[in-house]
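Chain IDs A, B, C and D follow the sequence of writing; residue 1 opens each chain.
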Amino acid sequence: MTLTAGCDVGSLTAKAVIMRDGRIIGAQVVKSRAKPEISAKEAMAGALTAARVALEDVAACVGTGYGREKIPFVKEVVSEIACHAKGAKWLVSSARTVIDIGGQDCKAMRIDEHGEVIKFITNDKCASGTGRFLDVMARVLGISVDELGRLSAGAKQPVTLASTCTVWAQADVIKYLNSGIAVADIGAGINIAMANRVAILANSVKAEHDVCMTGGVAKNNGVVQTLAQLLGRRITVPRKADPQLAGAIGAAIIAGQL
Amino acid sequence: MRPELKEYHYDWMLWRILAPASRVADGSAKELTHMYRYAPYFKGILQPILQEGAVGSTFLKMMTRYMENLNTAHRRGKKIAITTFCFSPAICYALDVVPVTLEVVTAVGGLMWKRGTFDYLDYACEIGFTETSCSSQRGALGAYLAGLGEEIDMVLCDTPGICDTNANAFAFAAAYLKKPFYHLNYPQGLADQRTEKYHVDDYKAMIRFMEEHSGNRLDQDRLREILREVDRQDALLADLEELHRLIPAPLPPIYNVFNYVGRFLFSGSPEYTRLLEQMVKKVRENVVARRSGLNSGKEKLRAFLCYIDHYSLNWNFWNWMDTRGIAHMGGILSRGFRDNACYTAELPGSSYSLDMGSLETMLDSIAQMNARLPMVRSIRGPYDQPNMWLEESLAVAKMFQADFMIYNGTPGCRNTWGMVKPFAREIEKHGYPVHIMYADAFDDRVESWAATQERLNEFLQVRGLL
Amino acid sequence: MFFVGCDVGSLTAKVVIMDEERIVAWELQQVGTSPGDAAEAVLAAALSKAGLARNQIDCGVGTGYGKAWIPFVQRTESEITCHAKGVRWQIPLARTVIDIGGQDAKAVRLDADGKVVRYIYNDKCASGTGRFLEVMAEAMEVNLADMGTLGCKSTCKIPISNQCVIFAETEVVSLINEGREIPDIINGLHHALAGRVASLARSIGVEQTVVMSGGVAKNQGVFQALAERLDLPMQAVEAFDPQLSGAVGAALLAKNNYELGITN
Amino acid sequence: MSKAMLEIFYDAAEKVNSAAINAWKAQGKKIVGNTCSYVPAEIFHAAGILPVRLRGIETDNMAVGDTYFGPYICSFPKCILQLAGEGRFAFLDGAVITPGCDAMRRLDECWRKAGEDIPGIVPPFFYYFDVPHKTAPHGLDWFKEEIRRLIQAVEQHFHLSITHEALRASIRQYNQGRRLLKQLEDLRATPEAGITGADAFAVAVAGTVLPREEYNSRLAELLQVLEQNLPAVADGKKRLLTMGSISDDMDLIRLIEGHPKALVVAENLCFGVRYEGPELEENGDPVAAMAQGYLGKSTCPRMYGKYQERLDILKQTIARAKVEGVILQNIRFCDLHGSENSLFQRDLEAMGIPCLKIEREYGPLTEKGRIKMRLDAFLRQL
């Protein structure tokens, strides 16, 4: 009956998960603040409340994400690549390839049957293959990231976007918008540009077998579908829990193995 | 790469589109409509080509022949070499090796499909070839690296010492595909004796390499025959260039594409001579009628492209020029520095001549020809040295009475991006407004055409050109 | 006689109403998703400030990203021309104009008569623009308008080298996490931005007098850092908000046009 | 081994104006900088001139570098130009530029152009030294001639003469250093490793700056201490090798070794072992010896078509130093190393040696968090 916790402080959101016997009993996603310790505390407080337990009851907590060094209550910190792999494995047990797209980076990894990473790659060029890209674009379109994901379905003639710089792509979007092109076509173009960048990464680790997608962008159906087309593989989006929680879940699982 | 694309060979697809296109050139209107339906995106470029009448039809047939040659090479027992532009393929024809000039083949793909060569560009990155490399090789190379083309038997390039990213593409391909590799190397000199000896030594070693890997021997008579053809082509090119100086310029902008493709795929082959003859004929007609080569009919400005002379994503760039009454005065890359070319008079010591006397003189000439292809010379060394980028751009621009210059390249081009800022500054001092395009001539995902066009328009407006 | 200049940028829409001699009213607002609406809104506000009716405007010129959607102008002009014109109106000796707006940075060189001789935009990426500062302000949870003063408090500048705006943000976040002082980080950002813009200006040659315009000109920290990087004194537009330079230039061009007979 | 022993190496490796450079100048002697490991240091040594490899460290902005170079260019030559433009290379009496790669080759004209705008930043002896991309006989001949010309140019400019005798003596001096560094490499290959990667790299980089005699004697002392009592630095850590684009960056190695399980036991960098290269022939024609020795080393991807040779060298190093993982780094826009790194990754991973590829900017180390994240995951993988 041990309780373990994972806390993933990302660039955009902080996530905390409480697990008991391999089940999630509480979770929380909050927006990241300028100070990671505050984000971590907020997320953890929310998760604890949801689980109706106290921090003292938690046997071990593992931290991950960009802010991991600053989380006050963790026993150990682990790289988010390892955590996402473990989390994805728990979410989709057959997963052998994991694509995680978060706020400011995108990772593709191949994992073994224990959820250990065999090969991975992350984008290190520019933000244009990351969740930030979508956030910026959604803002320009005046819609939420949720809606952006749904736009692809209604598109007739998706536009082509300059995709090497987020800020320049933004200029393109404004131009299209102003010239009266349907929002759905622009939205689909955005999702395609994003999927294109991600496909390069996924293909470089040679996406294999069951591909699973985690991180906030997994909730964007337009990106997921386009990516699936580009890769020529079905992509499973976890249903067992919010895919954005994958890192925190992995951390909680690793906490249980300490 | 999208899985469905893996079902098709790159060069086979090009062939399958070019073949019917070249047939409809002489066909009925109905056939043409049908063809457009079959290749909707190709229409954008096919239309302007067909509009050129006999020239366009010859061009399409020539391209089809090339693709047929390539696609059937192995069946006919021939070897295939990938090569680079700014390398004269005449030597390949002399040795009966089929050349695949990556940059040209990339450009053709870019013009033909809606997504250009994007998938192949990306594929190259997927297997670890750097994304920052020059897209002109990366496009078609992606296909060959993916095994989606005829198998390559050898790799030849002539860019070490000129352009790293280009040479690197070929070295990478050779190592990746485990194929024999030869490179011509250009040290810092241009035309002094020591340099010329180096070029000839290197060239001869390349011929030995080609002989070894093709199983063919260089036949002196065949070489002479091919060089005679080259000689005819050079004379025709010199004519065209001379005529192009007239105001209004009588050459249609698209001739620039015909030439680019011709020189780097067909140098020394009779088809290209025929094409050039037809081009000269048409241009002379224009001269007699005092007609501008522009579709819009009225020449307002003359642009010189101080680098790559084509933007090969659909027809937009040419169209943009045409509709604004801008005559395309060619680029530095369309020059060959043969002794009869008009601009060489302005540039002492820049030219070479063809001497078909003996094998020795032929090899000398052909090595010199190769060492004078524009990228191999103009852009090789410091731009401010004699007979290099600055001087030659100025001389050619003056000769053709250009009003302004445009730099068009690819972000992959370390070679020119390393010096284009001081270069532009210097050119401006000589009174030519210069516009530096940040776009990629082979990949509009770097900068969309809409954005590129807006910048071009702004340039014309702000600099008071229109 | 009244003339209107309207500059619809990536971020803000600006309108300036002038009579033959001076600015009679101006307005600046955020651009939402519709540049046309934004233009209408600023015009309406400025008209009411000036107590004028719409039909009293004799001629208008539009500029900026959204220029094509401004309903009430007869002509549009490039921002380069407008900024140069606007700046020269106040500082006739200006030979170099450096404009940093929301989406791009440009350097413009003028001849003695105010004609544009050369110009250059920021290349490759948005890292040398106002957007860079906005993103950073958001990440640090400070007010954009306070950045200038905050940065000037610092004497130490932390090098921020990332090219990509979004990645530079990560860098800033990790600097905060390391416990570095906010003013020092801001100072570092100002210098990073200034360094990038300085190299733009220098690559087309900088001539005195150098004037800064655009929204970022209001940021004292960037202004000083730029002067330092260029190693030259710089002048600020004072007669009007520097963010309005483009609109002022457009209004002046409208007047020219009117005189040339291009009217409503 | 005491910290004090390493101090001189660190000082030389981490400062543009190092104590050694200042001391040399104080004696009124000349210094000539070079930009690539293909420039024979012996020539300058024989002339009584201190050859130093130019660095781009300590920059905090690129206002000068970006003025002349375009946007899509490696940050290393930009940083060098930046320092030059800021007058930080005032100690140079000369500089030798090579066509190491296109970006480096352009440093020649960009530096000259910057000199037109900012007076006094181009050293009086400013020389372009051509290095062919071929080791074939005609390439070697060309290079020999280039060496002869360089010697002549130095003699003329500095009014001195460089005898073959002096060259041979310099070759011996440099060879001694090469042997000593090799010894250090051998120590690092032992199970104890004996020295951290950062310390060893400081020693290697210092070799590109310190006067040779001093370097040799300090290095000999260091080796003696180490050999007497080899510290067990390795201590259960994972043994790593770093290689790829230009790197003289101690911070990167420190960042790697900041991980409790990581130790860098070997490198293949052109500020490290690649700079030193193989020993030169000590007898006979010194020009031929230098040509053969410098051009013959094909450990840089600028020598096209020699990937297999480089792979073989790498495999030997990996086997000797018992390397468990390889960190392949490249500077953005360095296509040569960037794409060759991918070939290495393919071939090494096929042999069961995991690789981590990193792309970064030269200059102050940034994105530490991003690199650390990947490093953590990589080490877990080992």
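The criterion applied here is as follows: a contact is a pair of C-beta atoms (placed from the backbone, for glycine too) under 8 Å apart; a residue touches a chain by one contact, two chains touch by 3 or more.
The shown structure was predicted, so the numbers you read here are calculated from the model rather than taken from an experiment.
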item: Top chain pair, ranked by number of contacting C-beta pairs; value: B-D
item: Whole-Å separation of chain centres (CA-atom averages), subunit C against subunit D; value: 44
item: Inter-centroid spacing, subunit D versus subunit B (mean Cα positions, whole Å); value: 38
item: Multi-partner residues of subunit D (each touching 2 or more other chains); value: 67-68, 70-72, 332, 357, 367, 369-370
item: For subunit B, residues that touch 2 or more chains besides their own; value: 127-128, 411, 421-422, 438
item: Multi-chain contact residues (two or more partners), subunit A; value: 66, 125, 168, 171, 175
item: Pairwise touch network: line, ring, star, complete, or other; value: complete
item: Footprint of subunit B on subunit D - complex, ascending; value: 67-74, 99, 101-103, 105-106, 108-110, 112-113, 128, 130, 132-134, 136, 138-139, 142, 145, 301-302, 304-305, 307-308, 330, 332-336, 338-343, 345-346, 357
item: Of subunit C, residues touching subunit D in the complex; value: 123-124, 157, 159-163, 167, 170-171, 174, 191-192, 194-196, 198-200, 202-203, 229-230
item: Subunit D residues within the subunit C interface of the complex; value: 59-68, 70-72, 117, 361, 363-364, 366-370
item: Touching residues (chain side subunit C, partner subunit A) in the complex; value: 10, 32-36, 65-66, 68-69, 103, 124-126, 129, 131, 139-141, 164-167, 169-170, 173-174, 176-177
item: Partner subunit D, residues of subunit A touching it in the complex; value: 66, 78-82, 105, 116-122, 124-125
